[in-house]
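Please find the structures below.
Shared between the two complexes below is chain A, which pairs with chain B and chain C, respectively.
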Partner chain A sequence: MPEVKLDGVTKRYGKVTAVDHLNLTVRDGEILTLLGPSGCGKTTTLRCIAGFIIPDEGRIFLGKEEVTRLPPEKRDIGFVFQNYALWPHMTVFQNLAFGLQLRHTPREEIRQRVREVLSLVRLSGMEDRYPRQLSGGQQQRVALARALVLRPRVLLLDEPLSNLDAKLREEMRFEIRELQRQLGITAIYVTHDQAEALVLSDRIAVLNEGRLVQLGSPEEIYQRPANKFVAGFIGLSSFIKARVVTVGADAAILETEDGVRFKAPKNGLAKGQEVVLAIRPEHVEILSAPSEVLDNVFQAEVMRAAYLGNSIDCRLRLGKWELRTQLPPGRVLSPGEKLWIHLPSEKLILVKA
Partner chain B sequence: MYVYPFALSIIRSFTDESGSLSLVNYHKAVSLYGRDILFSIQVAILGTLISTILGLALAAYIRLSNSRVARLVNSISRLGIFLPYVVVAQMMRSFLAPHGLLNVLLANMGLVDIDAPLRLFNIWGLTFGFIWKETPFITFIVLSGLQVIDDAYVEAARSVGAKTHHVVLRILLPMIKPTIAIAVVLTFCTIVSTFTLPYMIVAGTPTTVTVDIAHRVTYFGDYQVASALGVFLYLIVGVMAIYYLRRTVREEVYGY
Partner chain C sequence: MGTKWQRVLLEGLLLCLVFFLVFGPISSLVIWSIAIRWYWPHVLPQEIGLAYWKQALGLQRDWAIAAVSIWDAFGTSILVAVTSTALVMVMAIPAGYALARFRVPLKALILLLFLMPKAFPQQPIFVNLLPAFTRWGLAGTVPGVILIHILVCLIFGVWITTSAFKAIPQELEEAARSVGATRWCTFWKVLLPLAAPGLLVSTVFVFITSLTEFTGTFFIGLPFVTTLPMLLYSSSGYNMQFASVIAIVLLIPSLLFMVLIQKVLRPEYMGGIIR
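Moving on to the complex of A and B:
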């Protein structure tokens, strides 16, 4: 399977730049997710790769072949659409066989390949059904099978799970991941759902306003977000603005404008520098009593708490800042209640303001 | 009030001059106008067929192309829908005349000798007139069906290797089969029942049943034979109307 390379790809619609000089390489056999909010350019990028849109600038390569201006029917790319786009007048078999017929594949081979791919997506025996006779999840699998039956060089998936209910969506994430690994196909997956991206991807490319903001493994993106946007978009984060007061041998002291002081890893900080601290909910530890030995222990006030079944989503006030944390269920919290919290310095994420 | 004139014309068609039940009007209609009945069906089939092919091609072109030409074709193609048949007939009379625009153009291109021009006030001219008027209608109806098809269906086809003609013939048109069927039925019925165009275009015989009915009533005051001819028209149109209704009901009830 070839790698996919985007070299300075730009697409404009009038005065709006949907994709802005995007450089990206998708490695052979990996599944890379384009993640970002609505309008960030992820679907436009995917459609450029598919050939449905010709970029205004830049080049696209599949392996060594430049395909920037090649029509979609000549790219040998499988595409799974958000609404599945199964042709309603064709049965499942006909939907899958269509592309093979266009390639003049012998009839027996078509039957064989359709059978194989349907078994791969666990839909054996559904050949004669029409799309309207299938559930959403089954339609999604047929759409995937239709893209895979042609053994494409690259598989592109445009928010394929967004029309499914939450439970099915969660199941399908693992199925798609498993299928991609099994086939070893290079895949590009578009989503705005960060949980989906974290589960599915070998690497995630976070886009915002048409630009690549960060590229890395799910762990890198989650644990070391490049900026406030990524920290806020991937996972939950509370943000606190602070200034570097002192930089010691192994740590730095930061202070907020309302006088809250934090100890943080010094990593390249300079005195007087303005930074943003991103704090994940799971990194807010609740203490039963104040501690003399721990750093970054504060008394916070409960603003509100919401029961989520497996946890309690709690918003705390620290000085003028709001912190979000998740507590085990069963704990009763009332607004105004005071809690001792610990923010481990090594878990604080420092991002550009 | 709605059914009475219709029922009366059927009763009249089965009644002789003395008022008794008889098939004499049908006998007369077939012997005098049998050729015209066939002519009407022939023109309707030919006109419908060619208008449909052209209408489908134009609609598909407009749907799939983003060019200025496509937008222009789209605007121009609507022109014919709103023109009354009598205006079209009058235009066709000058356009198709022995020294009309068409013959002059063909002569300038060296395809026709202007001293022996094409004689088009016959089945060909009439069919041409119907095509001119009905193609925009079919384009309009079919295009309205095509425009509600999500682009994803087209893109899905292209991503599996379909070229434009595959997209049109294997994906788009089959997806709007009911709409096409309705456009075809309505066009066929319009052509069969139009009076003005054949009346003004066709010189002599054979001509269409609609002209014969008018002739029978105007010149002979013969409502019996005219009614019998009318029944032939009902039958031709009726078959198509039943198909149309069944299709519409099926679409409304079952959604396809």
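Moving on to the complex of A and C:
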């Protein structure tokens, strides 16, 4: 049974279409990430599901029930905000108990459930603190607990980690993932951070300009990006424009306008077709000497190299194209230096121009 | 050691200055209010007594003392101020909420409209209003004066209330909605407690403005409605003693309000505004 379903959801602000005929189904018990650059419509979509925004067109279902025009308080959702949005005049206990009190839950049960959920987010004993007495990470855990204590049908998270520092953010990614698995709750997670999306998600929905660009597991999205935008947004990619020259029995030959030739898997290519090669940094192999047996071996020139601690971020020039790669540290690279590189043909990603 | 003493000295001087700035003008009022005879060039009154206070509070009637009982005017003032404050806030709270949260058409114009009575000299406006008030039978009546006070005070009510609601992040409301609170419940349980400091400030402003309002009361209220400021203005200049008594009486409500604010404003509530 699909837990959340969007059917042609559209929201316009004046002339700008924030969300454009979005169709999306979130499966029961999965965590789905809405990923995209700022202004891609991901937050607007989430707020439509929460009921804070009523879409101009389309329908939204939670389970079998249509909720498109239902006010947020009747939707049985949990929402976690980027800025935590804890009520500053209430203690942690009061923050968590508020929703339960509105449902006329017996006092003893409220106490029990608040205690349970606080231990779940590792904040036991913090009941009497006020939000301002907690650190950012603790506040965000309280916000998560406040959403979870009501055992909602769907948990909606709007960039919940953006206000935390880098280290805490990384820890919390795993924590949220763990919690979601443990509780088996259906969750929709909004972020612009591709690393976060890759770590957290069962599936990722990549949005751009209000439209769904690609939907798939993190592996699918990373390994088989649907187009240039996805290839550039998730993970690093260098792009090379080329034209298909010949299509052979098992491979195709591509050539750029400045004469660089590549061998690539032929899957569905036609002669004369324009394609874009997306090359991941980890797919650039450095050779110590030129090779006769390998395909796609080129001599490239070092443009810039930056030391990153565990690796060296290096920009190479191949013809008129720039290639980005990461090398193990310990190697001294100076601009102008020539390197032999190998681009394994089976690892080349071809996307639509 | 030297720097420590310098600091203590500096702090002491500052304290004296603050003390002087706050209590200097008031102490002069207090001295005037108990001065029976005080002629130039004496620094302090030659004769002091509570005659003006007694007369003003209606405890004695002496034709030699130029003061009348202030109780009637005081009662009228409080009645007018409390009523107009209540009515202004009843209008200002929903209006402020709406202006802060919803996309109200012509919002800037509406806020400007509230500002209008303050943007022009008061006298022409009130003079213009007098015929209308007379036609409606409101001139020289307490309801008429209350109406004019509402006109003068609404600006403070609406502007401060609007910014009080604006200062509360929208997400706090949305969070309440997401856990199941209706718009109405959210307003009472989340918005109002968090806006309380701002609303209280707004109420104090409106109350004090109404309590000390003169021009409108003068044009619309006289000769039948006399408030404390009317008594004060009519006696100031030639009768400093009686004027000082009234001035001190006028100070009392604002001092009470200060104490109330201290008592009511819990730091948790302030948390919503200072963040």
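Simple rule for what comes next: the second predicted complex is superposed on the first by the 351 of 353 C-alpha atoms of A that agree within 3 Å, B and C clash if a C-alpha of one lies under 4 Å from a C-alpha of the other, contacts with A are read in each partner's own complex, and residues count from 1 in each chain.
Just so we're on the same page, a contact is a pair of C-beta atoms (placed from the backbone, for glycine too) under 8 Å apart; a residue touches a chain by one contact, two chains touch by 3 or more.
Here the structure is a predicted model, which is why all the values come from computation and not from measurement.
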item	value
Combined model on chain A where chain B meets chain C, clash or fit	clash
First, second, both or neither for A:A50, with chain B first and chain C second	both
Touching partner for A:F79 - first (chain B), second (chain C), both, neither	both
Chain B versus chain C as contact partner of A:V142, first or second or both or neither	neither
First (chain B), second (chain C), both or neither touched by A:P71	both
Which superposed partner A:A278 touches (first chain B, second chain C, both, neither)	neither
Which superposed partner A:G99 touches (first chain B, second chain C, both, neither)	both
Partner chain(s) touched by A:W87 [first = chain B, second = chain C, both, neither]	both
Chain C-contacting residues of chain A that also contact chain B	50-52, 71-73, 77-79, 81, 83, 85-89, 98-99, 102-103, 132, 146-147, 150
Touch list for chain A against partner chain C, complex	50-52, 71-73, 77-79, 81, 83, 85-90, 98-99, 102-103, 130-132, 143, 146-147, 150
Residues of chain B defined as touching chain A within the complex	150, 152-153, 155-163, 166, 170-171, 174-175, 177, 255-256
Chain C residues touching chain A - in the complex, by the definition given at the top	169, 171-172, 174-183, 185, 189-190, 193-194, 266, 268-269, 271-272, 275
Complex contacts: residues of chain A adjacent to chain B	50-52, 71-73, 75, 77-79, 81-83, 85-89, 98-99, 102-103, 132, 146-147, 150
